[in-house]
Every structure is written in C-alpha cells, then in structure tokens.
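Order of writing sets the labels: A, B, C and D. Residues in every chain begin at 1.
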Amino acid sequence: MSKLINNKTEIVADFMRGLKQSHPDLDVDIENRVVYRKTPAVGDKVALVSGGGSGHEPLHSGFVGLGMLDAACMGEVFTSPTPQQIVRAIEKVSTSAGVLLIVKNYAGDIMNFEIAAERAERNGIKVRSVTIDDDVAGGKLPSDGGRGMGLTVFAEKILGAAAENGMSLDGLCELGQDLRTRGRSMGIGMSSCTHPVAGVPTFELGEDEIEVGIGIHGEPGWRRARAGSAQDTAKLLVESILAELAAPEQSSFIVLVNGMGGTPLIELYVMAGEIHRELIERGHSVDRYLVGSHITSLEMAGCSLTLLQSDAESLKYWDAPVSTPALNWGVAA
Amino acid sequence: MNITASELKTWLLQYGQLLIEQTEYLTKLDSAIGDADHGVNMQRGATAMRQTLTETTKTAPSELLEEVAEAVLEGIGGAAGPLYASLFFGMAGAVDGETSVTPQQLGDALQAGVDSLAARGRAERGDKTMFDAAGPAIEAFRQTLDAGDDLNTAIEAAESAANLGRDETAPMQARKGRASYLGPRSVGHIDPGATSVALLFEALTELSGTENS
Amino acid sequence: MSKLINNKTEIVADFMRGLKQSHPDLDVDIENRVVYRKTPAVGDKVALVSGGGSGHEPLHSGFVGLGMLDAACMGEVFTSPTPQQIVRAIEKVSTSAGVLLIVKNYAGDIMNFEIAAERAERNGIKVRSVTIDDDVAGGKLPSDGGRGMGLTVFAEKILGAAAENGMSLDGLCELGQDLRTRGRSMGIGMSSCTHPVAGVPTFELGEDEIEVGIGIHGEPGWRRARAGSAQDTAKLLVESILAELAAPEQSSFIVLVNGMGGTPLIELYVMAGEIHRELIERGHSVDRYLVGSHITSLEMAGCSLTLLQSDAESLKYWDAPVSTPALNWGVAA
Amino acid sequence: MNITASELKTWLLQYGQLLIEQTEYLTKLDSAIGDADHGVNMQRGATAMRQTLTETTKTAPSELLEEVAEAVLEGIGGAAGPLYASLFFGMAGAVDGETSVTPQQLGDALQAGVDSLAARGRAERGDKTMFDAAGPAIEAFRQTLDAGDDLNTAIEAAESAANLGRDETAPMQARKGRASYLGPRSVGHIDPGATSVALLFEALTELSGTENS
C-alpha cells in the first residue's frame, strides 16, 4: 500500500507544516520538532510538555492548546525525540511555575526525557515528570512496568485542565501519580502497520488472528489468538484491565475506546456498546466515553481500551473547556 | 604509538560505514521483536557521527568523544540514542585530559563507556540488550591485554566476544526495552541493539596495527 | 483481517447502541435506524435530516446535534436507507417550519429519499431536498452527475447553522443550491475495504498503485494510476477540482482534507500542507481547514479533497457553534 | 385456468430461493463494478418477501403484489430496493380489481412493472442496468403470446431473453448507478442487477403448466 508522503525521512516536518496551516492557534518550530500554542498561557500557569515518537497522531501534537498541552515534541516515526528537542520544547513554554513533563513509559522516552530534564534544570528551569505506564500488557508485566497507552490522553486532558485552573507543579505531580494508580489499558491488533522508512508491514497476521497485548508501535503483542466477536474482545479487555486495576465494587469510569488507526469508527462504537455491557454486568458504571482514534500506530487495525476510575475531581477536569485540534469542547465562540 | 583522536575518528567512521551497510538488516531484526526502526535510527546516527567527525576541530580524544556522544544523542533518538551517547560520554570522561591513549587506557575507557550504557539502561547481562554484546566484548578486550597480548589480538578477541554475545541474545527472553513486552515470544530472535554494538567492535579492527605504525 | 463486530448483519444496531451510550445528547430508534437529538430543537426551526448507507462514519450519525443535523437515518453498510426509515426520521424531528433532506447523489439514496419525501408530504409534512453531487469523479461525469462526497459535511454544518439561526426552508434550499455550485470534491484510494458481510476486500491494488476518482464505498475509481508523492497527489486533486469549479482568481476556500478511514492522520496533514501550497501557488487562499476522517469508506486507505469557495455567509455559519460527536466547537460549557 | 395470487406466491417464493442460492455470486459481480452488496441486499429482500408471502392473507393478485412491493422496498434498501418495488407496484396497479389473471394480463402487468422500474431509475436500454434484462424479457414474453403460443413457451422465451439481456450487459459501458463512475472500466463485467432480474424471469418457470392444470 502506498502512502501519502513526500520524502520519507521528512514526514514529520511535512506533517508539522500541514498542522500549522490547518490550526491557526498552533505554531511550530520545525527544526526542533516542537508544536506549541501560538498564544502562550498567561500568568504563572505550570506549562505541560509531552511528546514521543511520531505515528501516534493525534497524540501528542493534536492535544496542544487551551486546557491540555503547552507544547509537544515530535520524534521521528516511532522514535523518541532527542534531549535537545525536548529541552527546546521546555524552553519555549516554561513559566515561573515550572514545567511538567508527561512521559510515556518506553525505554527511549524515559531516557531522553530524563536527560532533557537534567539539562533544563541545569539551565534553571523547574522540571518535574509524570510517567504514564498504564498498559497491563496482556500478560506478565516486565520489570520496566507497563507501557504508556491511552491513559496518556486522559492525563494530558485532566492535568491540562488542572494546570489551567492554577494547580501547582507539586499538585500536578501528585494528581498525575493518582491518575497512574487509577487507570489501566490494554490493546489488541488485527493488522500491523508499515513504518514509512522500512516500507513493509512490521508483521503479518492471518485472516482470523489477533495480537493480544500490543503497544502503540505496530509491534506484535504478548500472544497471538483467534479473533472472536466484538463481545469476546470486549470481555477480554475489560477482564484483563479489571484484574490489574483492583477497582472496588460499583466503581465508575471514564472510558476511552481507542482505534489504532486503521479501524473504522463503526467498529469502535460496536466495541463501546459491548464494553458498556461488560462493565454494567460487573456492577460498574461509566461517567464519560471517548470513542475514536486518539493514540494510534499509524494505520494499524485494532483497538485499545482505557479505564480510569473517576471521581469528582477527574470529572471536573475532564469536563473543563479544551480547545485543541483533536479534543474540543466547552469554549464559547 | 598511542591511539590519538585521529585513530578514534577512523574507528567511528568505519562504524558508521558498517551501520549504513547493515541498515536494512538491523531494521529487519527490530521488526521481529521491536518497532522496525533500529536500522533507520542507527543510519541517522551514522550520518550525524560522520558529519561531526569530518567537521570537528577537536584533537583531544575526550573532546572528540564528547562531540560524538552529543551527535548520536541528537541524531539517533529512541532508546539507542541515549544508550550510545552514554557509552561515548562514559569513554570521554575516562580519557579526560589525555592527548592520546594506550591500549590499556582505551580498554579502561571502553569499560567506563559500557558501564555508563548499562547504568543508563538499568540493564543487566541476560536482559537481551546491547549490553549482552558490549559486556563480553570489553571483558575480552581487557583480559587479552592483561594476559600480555597486543592490541591486534585484543581487538580480535573483543570482536569475537561481541559477535558471540550478540548471537547468544537469540535464546534469551527480553527483560528490557520493547522486546520485553513480547514475553516468551522474544525468544529465538537476535537483539537488534546487540547487533549494532557488535559492529562497533568490528570497526575496531581499523585500529589494528596502530601500535606498530 | 478480522473485524470488531458481532453478528455481521446486526452491525448497524450494535453501532447505534454504542453511539447512544457514548453520547448522552443523542437518542436512537434502533428498529427504524434513526439517530436523533435527545432534546429536540426549540421553536420553529427547520429540521435537518440526512442519511445514507452506513460505513461512512462519522457521517451522518456523528453530525447529529446542535448546529448540524436533527436526525440521521442509517442504512445497512453501503446501502441506502429505505423509505420507511427515512419517513420515521422525518416524523421524529419535523417542525412546522418543515424538513430539509440532505441527500447524497447515489441512485439508491435519490430514489429512497424521493419516495420517502412523497410519503411524508402525503402525511402533511413540508419536505424539501438538497442533493449533494460534488464529486468531479476524476473523469467525465456520467449523466447522473457527481456523487455526493465531502461537500455533504460542509452542507450539514453550514445549513445546520443557518437553520439554527432561523433560516426558512426556502432560504435553506437556496443556500444549499448555492453551496452545490461552489463546492467540488475528488478522492483517491490506496486500498479497498472489506464489506463486513461480503468478508473479502472489494478489490486489490498493487503496492504502487492508486485508484483515482473513487466514491465512498470502497469501489474502484475512474482509473488506476501509479502512486506519486503527496505533492503529486495534491496537485492532481487540486487541478481536477479547479478545472470543474471555475473559481475566479484569488478565490478563498474552506478546505476538507478527508481520510477514507484507513489513512493515518500524519499523512492527512502532510496532504494538507501540500494542498495549501498548490492553492497558494495558483493565487488562491484558504480561510478554514478541516483535516480528518469525516466521510469514510470503512477502512479504505486514501483521501479526498473538498474545496468550497467561501464567502462571509458560509464562514459565519462554518464558525457558528456546533456540538455533535464529530464536530464540536464554540459551545460554552 | 387463470393465474391466481397463489401462483404468484409460488413464483416469488422460487425467486427468493434463487436469490439466496446466488447471493455470493451477485455480490461478486457487484464487487467488480459496484460496492459489493447486491447479493446481500437481495438476500435481505428474499427474506422480507418470504415473510410477507407466508404471512399474507391477501387473495387478490394486486393486493399481494403491493405487499410484496412494500416488503422489498423496506427489505432491500440501496438502488435495487426502490427499483424492484416499482416493478411490483407497477404490476399491482395493472391488475387492480382482478381475482386472477390470464397470461395476457400477466404480460401486461409485467410490462407495467418494467416500465415503472425504468421510470423510477430513469434508465434506458443500454445503460447497463436491470432494465437491460427486464426489457427484452417482457418483450419476448408478450410477443410469444401474441404469436399464439402458450404460457409455457412464453415463459421459456422470457427466460432466454432475460439471460441474453443479462449477458449483453457485459460489453456495455454503464451510464446509470455506481458502475457509471467507472467509465470505460465498467466494460467487460455483467451487471449485477440485470443478473438478479434474470432470476426473476427464471422463477417464472414455476408457473409453467398453470394454464393446463
């Protein structure tokens, strides 16, 4: 399958140009691969910076704007950004209240953000990090813990709203840690995807096979299984997550039914219906749904489920106004 | 004669050359147990190294290595970027102030580099990472010199140990990095990072004969 | 590739259940396949009804809500809804100001909506229709005219805002006709898709081939061509559309860069950048961009471009508040 | 003996049977020049027809045909739904008030149905649609009766003409419906709608012998 690209090593720059043209509220520093708000946040709001490899769009660049991120740094496709890029992003938006980094738990991201944070702090900027590691991975977690998955979207929204609301850097770190304990994800894949430079699909699946416990890089998962119905898949995801989440009886959730990029919306809503049923059957309830392709693996087919135990605070920040390319609500014209 | 910045350049240019030749193979390995980009990442690293090495004005080994570390840190990205950068930063720190280094000092520097890589990655032997090629290679290098053999022999020993370490990652189950999420399915595949590390030691053969020149 | 579905003949019902659970502002009549606003529009606003085959999500059900549609009727996948379904939708939301049907120009839709309109009028409801036929089809248009493509999204947004603003049924028809003359689309495909009941891809494409002038049903297009760069594709789309649109010099546009369902956002923004360049080079300008998968062919890879010549009125209605699952802006929390 | 509602039921039940047997084939034809759903659509239509035909209490041909028209209109959807509905509505209108029909009246009714289908689709002969099988079939049917032949012979003639009309859609370039957007690429494929129409006339053979019974 061909791709809508020009020079395959310049995809990220070309993407950023299109993003800037399409969204007048955003600005981009193409050389340093930073997407940031054109109008910086006012006052001493803590600045939120996230980033990672590209190929997961709309994450993270599509979540830059009022009520979410102040800047996103974009690595090459599936490759963590480098410390200098991250430092540039931090410098672009840092305020006296400090900078919070939201880092997905992948070896590369962890190390590059770690080095960047050290360097920015050496330059006198107050930097703290929250690591998102919500993936239950479909099996036994390795020692590094779960990968960062859909909880990243929730963290960016909720921490973004809290920051907009004046929460301090320490407060945000605490809230971030709290979200970590209350959210888990799991994904399944029904196809791989083609890294634009590699040019061939990362792996091939048989007609009736799925990969269980995938990450967000078009990689194979913890195990291969026979494809079941949407109901079977919903049950698998809900059970696997609840086994790790230790949610009390009658918990209520914010739910992300996420497409990996190549799965049509019609299937995601079918899944939402089945997930709803699975949760209700277990005595739980759902406060909010987000259904769509928000953290993707290029054109991979499949979906992931994220459950975040909700409370008054998270719901308040979830419902708070947001104006970004990918999430937009509550802001008067 | 000791090893100067100029010899280190030769080594690393050759390393870059090997990376470019092996780009597709490295990516293929990463497709099996990773995200299909290690070749592309290292190719970018090779380009960044080459640019640094051809433009640099540094003549002190430590300054040169620091520039290289910075170049791969910015050039590679992903997991491999900070890991290789740590290796070169570690080496640079160990030869600080020297204008050239003896084979023993090179061994100490490589040891410091490999230690620093392992520390950055929190990697242990058997985790199925770069460290599984780098660890045995530097051990072999130093033991050979300690036994009184010459640089050529030490380089040969390091190269063989790196290759063996690389091959021995195949039966391991990954415990670090992306491959660790495959669990038992990571068994049976050579680790891409260990493979690129083996190229680093293979490139050392460019220094063979330095001592006698 | 497997699909996230249960019973393949019950996909639409299962989808509707998930949609309703995820969007508390919407209600659904599953038996009659109608999605409608839970809180009906107040006063004597003209009601807007659209619909068509399923498989194009978010179109149309994702555009039901304040500022767009009052109801959408959902046919089976790629199959026009039947007259009775359409009549039920009309009856659910009709007001004294009448009902405007937005109909995409496909033989099936035209005939079924025609019969439904006749029947609803017989029941005393004032019904008018706007046919959307914006596809330049990549070649010589057949006698039936162009198919309905991305302009449908623009029409639903702009007419929806105008209706919300109190415009009469006649006024809406006129504005709809006006939009028809000012908007054109064209699409290219890089893969087909699999009709869930048929179970096999509708057609196969070689690695480096694209289909030029596709519709929105995973069907082949006017011709097959070699895949080019994003820039080549942008040029092809812009030139083909401008050749039909007869836009005066220095026109300005509202632009939809639409994904067919299986194309990642990163590629769509690369296209947006290239399309921008092509328009600017020809002396035109762009007032607004919408980039994303809004009118799709299940998981087909590819994209379509829609150019609508903008003016003060269309921009006003484009920017007006909207609150639907797929388009949402300008509504205070 | 004349043809009653009961014979019409037999005809249409057989038509439904044939549609279900040919579902995959019809979809395959629609994959080539359409959207891969004609088989599925007609299968739903067959189910809707069968339900109506087994539950109906109507004994007048016209009322029965109207119920069938309504059933396919709601059961099929897409382009084929209103087109087949028009055919049956057209037939119903032509036999209004009759309790049974002669072969000639059946011919007139089919003619009215086919006219109504063509009008609804604004289709002309050669557009590569259902009409290209339906038109020749009804002409053959009536001409055979007009020539003094019996119902059996007329049915055979209609069936052959429908099949021939269906096959002759292959070389045509579509001018109506989805296939028309393929331009010259629609050439070389049999039209799916013409194929399902041929089954409608094939099913008429169930009425053979009615006259003599």
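Just so we're on the same page, a contact is a pair of C-beta atoms (placed from the backbone, for glycine too) under 8 Å apart; a residue touches a chain by one contact, two chains touch by 3 or more.
All values derive from a computational prediction rather than experimental measurement.
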Taking each chain's centre as the mean of its CA atoms, which one is farthest from the centre of chain D? B
Cα centre of chain A to Cα centre of chain D, whole Å, reads 54
Need the CA-centroid distance for the pair chain C / chain D, whole Å please. 33
Between chain B and chain D, what distance separates the C-alpha centroids? Give it in angstrom. 75
In chain C, residues with contacts to at least two other chains: 77
By the touch definition above, chain D meets two or more other chains at residues none
Specify the contact topology among the chains shown, as one of line, ring, star, complete or other. line
So which chains end up touching which? A-B, A-C, C-D
Enumerate the contact residues on chain A facing chain C in the complex. 1-6, 11, 14-19, 21-23, 54-55, 57-58, 62, 77, 190-191, 205, 207-210, 227, 229-231, 233, 257, 261-274, 276, 286, 289-291, 293, 296, 298-299, 301, 303, 319-321, 323, 325, 328-333
Name, in rising order, each residue of chain A that touches chain B in their complex. 53, 75-85, 106-108, 111-112, 114-115, 135, 137, 139-140, 142-144, 147, 195, 197-198, 200, 202-203, 213, 215, 217-223
Residue ranges of chain D in contact with chain C within the complex: 27, 31-37, 39-41, 44, 73-83, 85, 120-121, 174-178, 180-183, 185
